[in-house]
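Two complexes follow with chain A in common, the first pairing it with chain B and the second with chain C.
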Partner chain A sequence: MSLRYPYKMSYRKLRGTFGPGGGPLARITRLRMVVTSLIRHERIETTWNKAAEARDYAELLIQRAIKNGDKHGPTMELADFWLLEKDLIHKLFKVFVPRFEKCPTAFTKMYRLPYVYPGKGREMGLLELKGNPWPPVLPEAIDKSKHINNVLLNAARQDFRMEQYKSMDMSSDRWHKESVSQMSAAMDTVAKGSGLEETVTDTESLLSDEIREEKEAQEMRELQRKIDSLKNRGKKKHRDEDDDDDDDGTYV
Partner chain B sequence: MLFNPRAFYRSYDRPQKGHEKVPSWTIEKHRDSPLNATRVESERLRHAAPTEFRYIFPEFLPHPDWKKRDRVAEKLQRRDMLRRRLVLDIPEFYVGSILGVTVADQHVPSKQSRFVGICIHRDGHGLRANFTLRNHIDGQGVEIKYDLYNPTLQNIEVLKLEKRLDEELFYLRDAPATHSTITFDRKPETLPLGATVPVNMKKIPLNPPPWTQRWEKREDLKGIDLPELPEKRMRKLSQIVKPWEKYDLMKEYRKNISEEEQNEIFKEVVQHHTRVEKKRHQERLKRMT
Partner chain C sequence: MSATSFTKLTKHLHLRHIKRCYCSSTSKLTNSEVREKRNALFDEERKRQLSLITRIEKIRVEHIGPPENCTLIMNKGLSTPFNCAAHIAEYLTVRSAVALVNNQPWDMHRPLTEDCELKFVHYRENDPYHANKAYWKSCSFILGHILEVAFQDQYYTELCSFPPPYVPSGSFVYDVKIPIPNWQPSHEELQCMGQIGAKLAGKDWKFECLDIDETLALKMFEDNRFKTQQIPNMAAQNKGGKIRVYRMGDHLDISNGPLICRTSQIGRFAITAFHPISSPDFGELTRVQGLSVPSQVLINHWTFDFLAKRAEKYNEHASLPAMREPPPVKEEVQEEEKGYFWRL
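Then we have the complex of A and B:
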């Protein structure tokens, strides 16, 4: 049992919950309410601190339920404490346990909500359980590589790079001479388009459009790689930083 | 030739080239030394399942606070701890067990001093692991804190292996002396093979107050038989009581090392044990032939 995402090493006191002087009892009551509503609605919007704090408890509760099952006394007591609406105890064991049994990553996901004036004066967050029935929070990425403007731009980029490469003065370099001849041949086939203009004995012409396009894209990429490697000889490479993503399967 | 301290100490610290291995006659000498003679192979440790290791070797687990963690230091400490355990048999014991400890003491004619007592506390991580023994001698309560991996510790003998209802028995300081008195010539009691460690359900009656701590406020201590206290003193208890703490999952999570990490740590202990057992089995066979 371990949390599968970065979590704070000190707990949030959530001061001022239910007015001044609430103390730890007010904090735990508020967290119970957030966890209950998360289990009920599977996606909730609240202040960032409450959501982040309740996320830990919800994850551990589901992990306990998966590990021990619904016949285990202390786990039932725990579920009874955390879920204020008692019909959700059944939902926890009968819906979420089978859903998250085999899940190797976190069961929840959090998003930061935009600040909408006048707002609540606090940062808002969205907390959702994975596999919920609602439409996705983030819009699906649109592939714009086939849009005419990008196609034209890519082609122009290729031409520019080819010009650059050909004009590079490395006449003593054996590799350069071989690559130039190879690449110019490749560029010619790409410029011609498909192999339809040549004799039909060429098997490439019998390929469908999609496969041909993929091949062309591959050749383009290899070209680019060769150019970059020759350009960057002697230069130090900078390692790209990977994006932080909960779904990577990495966890603390 | 005159004594050359530089050459002497240089060779002492770093063996000469080609002589890096420890010569076998030193190992034999060590094996035959009286320090090893009283070593008893703990049967329970051999047959214990890895899941029980966190109770048998609690000092192998690191501090749960991430600010106090140093993974490299922890790994090195664990290695040293296992090496020490090859030399000295550190047995399995719990708070509430009765132990007899022999320590090397230069000021005593026999160069050894022995103390017997009931273990009231176990603390520390890694090589800093310690335990406190309490006894009542000649009308005076005595507590001695020992470091488990102290090299001057010559022998740790468990005279009675048992657990109590609590993880710390500091309330014995405010209890009658009879509950802390253990005779020095107590004979060791062994448990049958495969038996679980018994839990002594004794409830200790306390002396009348004043006490060293306000034991009535400690709702986590189950082994105390509280006497009648004035109403004014009991009135504040209802405000202090926190019944939600046992359901606070994150508090428990932050206080302990996660199971996955525990398994990683105890894998090393298991490997060490299997290696040691193999070696000892080979040695036994050699001695028989």
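Then we have the complex of A and C:
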């Protein structure tokens, strides 16, 4: 079991909860009071730090109550400790357990409140249990998707995607056709390897056999290199298809 | 701007603030003369229609929506939704694009005729479909105004028609006959023309509407050969053989409406492209495209430029002008537009 919202690992300092010198006991007493009033009223306003600290304990209490039920000794002890007013133990098991049983998220929600002026300059917060009977804190959000700017932008986005798909199809087709034709031409010349000898002119026939063989091998090597480069280029094109689509000059 | 580029710019455009043109035309038609004539006819007809109302009757208007639901007792055939809004709250008069009378879109400046339920629609509602549609239509209307005003008097532009509005197409359209063969405006010229539209926001003209007879409409638009051809068909299709005419400032045009309330609702406005088109019935025309966003909707300059680039492309959704009036926009279009986002 873990808390269902991002929380701080380190604790917050609550200064002077009951005046100076209260110590850790005063802090816990103060938090017990906050948790109790949260369970009582379901929405409270206090300083941000107090609300955030109490939130953790309240969430944990509800989680344990849901998991273990009201016939589990340690859980009842926990409830007895955190709820100073004992009638709230009944509320916890009879109201909140059924309410939050199937809740997949956190049970509480926090909002920032403006500073109180004139005052002590403390950050204020609002802590509430979800599903409370009070009116919502924030006004209903406006659905902006049908505003004219968003209608235009969504249409533009759709257009852009369609163009992208089209150019992708086009480019892969083009690659296929061109590479196949070039490859087949190159393969033909390789296959005609013996034909090269026939086209050798008379002056060349005068050359020594060694030189002729060397020249032949060089030509074969060149052809092989050409085929390899074509193959590689094809592979590369497949990889980069998504990135650049408009490069008409690459195969010329 | 250097002197040479300025003269190049003002070759065709009529920029009144900077350059004064003394084009006296004795024989040729000019846009300004035609506009004056139309305005005079419009004023006369409105006076006549007002004089027909001799006894003021009262109607009950139920307003629904913010700031509160209320009932108003208004004058039949005289009070408009704009008057109702002025009674309720000032912000309704400023932001409302169109009114919904018994859930049917209705112009803000069109008199109410019976007991009704009234709502106001603005551009930032949860579903501003009617406001967007009226805005797009009004922008086409304004495009017509710009095309009549922007050129010098020696160039007599004839407006043909504008197709039904479809916002996702990216641009609003007006098909027009420009008497300069093969003219493509430069970037600066497009900007100058767009500024005429953008400056309307400061003028705060209202869109008045009037239902007139076919004969009067023919007389009003006798100098426009495209409109004269269209008017009999339109009158046959409309209820009671009437033709609805709108006036904005001194510009008059035919439209089925509804259009928006005032020109102060115009925010960014740009004319993006001129495309040559050929219509089977009206011959060679020019399709002028533009882009605009209402002042109530904020848009980043980069985003607007991005959309303007898209608006430069030829608008394929807009049908070509033809003698038959294009079929009225069905409810399906609304459905389509509503579902548009979920299909992405």
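Quick note on the criterion: the second predicted complex is superposed on the first by the 137 of 252 C-alpha atoms of A that agree within 3 Å, B and C clash if a C-alpha of one lies under 4 Å from a C-alpha of the other, contacts with A are read in each partner's own complex, and residues count from 1 in each chain.
The definition used in the following text is that contacts are C-beta pairs under 8 Å (C-beta built on N, C-alpha and C of every residue); 3 or more make two chains touch, one makes a residue touch a chain.
Predicted model, so just to flag it, every value in this text is computed and none were measured.
Trainee: Going by the contact rule set out at the top, does A:D159 touch chain B (first), chain C (second), both, or neither?
Mentor: Only chain C; A:D159 stays clear of chain B.
Trainee: Which partner does A:D56 reach: the first (chain B), the second (chain C), both, or neither?
Mentor: first
Trainee: After superposition on the shared chain, which partner residues are touched by A:D143: those of chain B (first), chain C (second), both, or neither?
Mentor: second
Trainee: Check whether A:V151 is in contact with chain B, with chain C, with both or with neither, and answer first, second, both or neither.
Mentor: Touch status of A:V151: second partner only.
Trainee: With the two complexes superposed on chain A, say which partner A:L113 touches: chain B (first), chain C (second), both, or neither.
Mentor: A:L113: touches no partner chain.
Trainee: Going by the contact rule set out above, which residues of chain A touch chain C in the complex?
Mentor: By the definition above, chain A touches chain C via 142-149, 151-159.
Trainee: Which residues of chain A touch chain B once you look at their complex with the stated criterion?
Mentor: Those in contact with chain B are residues 1-3, 9, 11, 24-25, 28, 56-57, 60-61, 64, 77-78, 81-82.
Trainee: Inside the complex, what are the residues of chain C that reach chain A?
Mentor: 123-129, 132, 135, 167-170, 291, 293-294, 297, 299, 303, 306-307, 310, 337-338, 340-341, 344
Trainee: Which residues of chain B touch chain A in their complex?
Mentor: Touching chain A from chain B are residues 65-67, 242, 244, 247-251, 253-254, 258-261.
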